[in-house]
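Across the two complexes that follow, chain A remains constant while its partner is chain B and subsequently chain C.
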Partner chain A sequence: MSVLRPLDKLPGLNTATILLVGTEDALLQQLADAMLKEDCASELKVHLAKSLPLPSSVTRPRIDLIMFVVNLHSKYSLRNVEESLHHVDATFFLGKVGFLATGAGRESHCSVHRNTVVKLAHTYRSPLLFCDLEVEGFRATMAQRLVRMLQICAGHVPGLSALNLLSLLRSSENPSLEDL
Partner chain B sequence: MDSCDTPESTPRQRASSRLKDYFIGATPLQKRLESVRRQTSFVPTPPRRKIPQCSQLQEDVDPQKVAFLLHKQWTLYSLTPLYKFSYTNLKEYSKLLGAFIAAEKQKGLAVEVGEDFNIKVIFSALLGMKGTQRDPEAFLVQILSKSQLPSENREGKVLWTGWFCCIFGDSLLETVSEDFTCLPLFLANGAETNTAMIGTWFQKTFDCYFSPLAINAYNLSWMAAMWTACKMDHYMATTEFLWSVPCSPQRLDISYAIHPEDAKALWDSVHKTPGEVTQEEVDLFMDCLYSHFHRHFKIHLSATRLVRVSTSVASAHTDGKIKILCHKYLIGVLAYLTELAIFQIE
Partner chain C sequence: MDETVAEFFKRTILKIPMAEMMTILKAWDFLSENQLQTVNFRQRKESLVQDLVLLCEKKRASLNDAAILDIVYTQFHRHQKVWDVFRMSREPGEDIDLFDMEQFKRSFKKILQRALKNVTISFRDAEENAVWIRIAWGSQYRKPNQYRPVYVVYYSQTPYAFTSSSQLRSNIPLLGQALTIASKHHQIMKMDLRSRYLDSLKAIVFKQYNQTFETHNSTTPLHERSLGLDINMDSRIIHENRIEKERVQRVTQETFGYYPQPRLEFAQYKLETKFKSDLNGGILAEREEPLRCLIKFSSPHLLEALKALAPAGIADAPLSPLLTCIPNKGMNYFKIRDK
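And now, the complex of A and B:
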């Protein structure tokens, strides 16, 4: 079973790679296009996967950030993400993993409760972002945010590391979370 | 004589009791803010709900009086609290609403073919339709057609029925002041034009707001689990689910019917805590159905949208339509719907 490890490959020169994992192919493709349109000093590479583990036959660069995309309209996407999480090494969760929940805007179509994803992100101590990927404006904003996160996780921003970013994102949450 | 064993209270306990004293005298607005603040806490607690039981208030309700509520399709709306509504003025409201409807019809806004006899509006209180003693009384509005011919029955045909109720609405009742009557759930049966007219009249008279109550797939699966958990002597209908698959160009609907006793047997094997339903049990129940379907048809139902749930207790559609079939669990079904309505108002 191949497990993704954050530091098992050497980094490429000025390259940052993000892996988007989720069942919603069309949405992931659109998000990837939006990200690649962004101006960025580093060279961006976006990999899309339906689920983990990734096929070992392909050579790929070192992955700097994994975003798991959950569609709140479909329980299947949640189950898929939960199963894929088992193929990620624990050291990845030090700031190099994030969760993205889409579909919260259309409440009447939701079959996954918001709290389920919140609990999942809390269990893995990773940031959770909400974004309606179907809406173009929100998607563009989220792409900008992900590009920035990716640059930090790849180490291209001097003075800020993935772990710094994680603690910054967590301190803005309700402090009562620490009691859990 | 005072007892000497007063408990040692830590500073934290003292602070919280001070806070509690502060809130006893708090205005409704402060209570509202406190409840909203409590809700936005990040601690995700898994919801637990009670399986609908026969409440003792149900015994007071004559099954024949509420029989007209069963086996009818009701469209659901959530309603904000009514300002200065009084149960003693029901006759006056009937006259006012009747006059309003007659005026609207003359304006030509609501034209119905073949409808040229008089309309009579009746407001009546529905006794016993409440969860706790604190809940306000439910009331019923009916539009009857008054026939001109004296030989026919004086009552006439019921054209439209709507009723307002509040079952276990404690979370809302705590936060409103005395002038407001909280009846967050509104059910209507009849022509849409009549519903719109009556809605306008209520909105103008009592400064409230109606909004259609949609039920999402998450809540439908909870309803399926809770209604399957209800003990029934004999089952009148098969348990049926309807899923909508989003695909172009045409929508695909998948319907899955189970024998109600099999559904109950499945639920009993999943159910652990007596008297309560937990999130894990609901998920497990639905997952069993999904995996069974997947084994036979290789289709992942969890990727589709649950649109309709139909059991022997009641049936619900995601557009906010409900039909209640069993009078024993009427209060239980309404309690859950009231919870959804309150959630939508807030």
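And now, the complex of A and C:
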């Protein structure tokens, strides 16, 4: 089973699982720690992967949200995400996928242009978040947002679904995105 | 005491940081314990230096004594110089006499003084059969410049000598010759290895860097000894690519070992290769001359940084052999040409 599908497993009771995909393990680890520090009514699980496809595993819970983490300082990390996207089923992109770009704060170290990730996120109709994961304060804030997004995607917030969230996020996007 | 010698003393002692003053003076071993006690070390540095220079004058200190103090200072501050490495060789099948340090020193001094009338040479023995040599160059008509000396550290039981990089490069061939002849070798060659960290250069050249430390940790399983990652993981965090991570750790450990890496600040690659491209045509593909390109990697600790690349996810493991061969080959300057 090399393609990830959103609804191929039964959900766990009160469990919400996020999959973080990115080459830089240390950053993902720190983000995962920050997320687990948050107070949350649901039981959180964080899976970290360098790339997709994931090794086959029966015990893996249903994944509610995938965040692809791109480090703007590294073309290698962008390429890795681009290749991993091929292993995600199209139905995942109905609000259960997001992109996170890190490293924008240090402009001189960026080898990936901001617009590249903007276009990538636009192609996949998914939200793009910017956050310098190396800065603890920003990381903590992003962790809060991700936890909230995760709860919605797992269906733990009554009245709000992943698709609702996607349309909410999209309508607040810069309209000039359509011109790209 | 000669004015220039007094000035040299003053400037050399002024260089020494207050915190190290006592230690260095004691290592110099020229002023006795009693004499040092007569000086007030709590006064302002300028006055302290004046008192010390007076003491040296009273004891009739010579230029050579000042040079030895300079050597001691440099031994404590070896990182302030950039060191080159030279390797000497003998003709195959030559008889090797027992090394005589005094004869080496005499011979070395004679060769240099014969070639250049004005040159100051001083020696200080060190551990491991090594000798530190300080050379202040002059010329036919000028007295030696004591403020731009060259230092040579020669390990007598080995064919290696380390020299501090100097701007006055015209005298290096003469220095090489003197070293070679005095140590009864035939040829001398400069290695493509340079660093501020003399001890690291030593470790690389004498192959002493691959000693495993802390053997009591060798029983802990591999994934717990992850490089730089927090091992106290929450059980709610699951690494999907655990097997791949372990492979990367294993390959990194195999390449770099468990020991701390010797310290280098840069690696430089000079490329002279023709342009190769998958695309047909294009201006660059038709170019006959090789492209010249210089790539320099710098870091406060280059080898440790390279070791951390794959585990941090910034590069694939195994790393290019051009990077990993640095300690094995004893080079950090490379010239890459088309085969």
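Miscellaneous remarks
Heads up, the rule we're going with is that the second predicted complex is superposed on the first by the 172 of 180 C-alpha atoms of A that agree within 3 Å, B and C clash if a C-alpha of one lies under 4 Å from a C-alpha of the other, contacts with A are read in each partner's own complex, and residues count from 1 in each chain.
One rule holds in what follows: contacts are C-beta pairs under 8 Å (C-beta built on N, C-alpha and C of every residue); 3 or more make two chains touch, one makes a residue touch a chain.
Note that the structure is a prediction, hence the values are computed from the model and not measured.
With the C-alpha superposition on chain A as described, chain C and chain B clash in the combined arrangement.
In the superposed pair of complexes, A:L85 makes contact with neither chain B nor chain C. When the shared chain is aligned, chain C comes close enough to touch A:L48, but chain B does not. By the touch criterion defined above, A:I66 lies against neither chain B nor chain C after alignment on the C-alpha atoms of chain A. Contact with both chain B and chain C is seen for A:T23 once the two complexes are overlaid on the shared chain. When the two complexes are overlaid on their common chain A, residue A:L133 makes contact with neither chain B nor chain C. In the superposition on chain A, contact is made by A:S74 with both chain B and chain C.
When the two complexes are overlaid on their common chain A, residue A:E107 makes contact with chain B while staying clear of chain C.
The superposed model shows chain B running into chain C at a single listed stretch; among 261-269, 279-287 or 333-341 it is 261-269.
Within chain A, the residues touching chain B in one complex and chain C in the other are 23, 74, 76-77.
The touching residues of chain A, when paired with chain C in their complex, are 19, 22-26, 29, 32-33, 36, 43-51, 54-55, 57, 74, 76-77. Residue ranges of chain C in contact with chain A, taken from their complex: 228-230, 233-234, 236-241, 243-245, 311-315. Of all the residues in chain A, the ones that touch chain B in their complex are 23, 73-77, 79, 107-113, 115-116, 118-119, 122, 173-174, 176-177, 180.
If you check the complex, the residues on chain B that touch chain A are 41-46, 214-218, 221, 279, 286, 290, 300, 302-306, 318.
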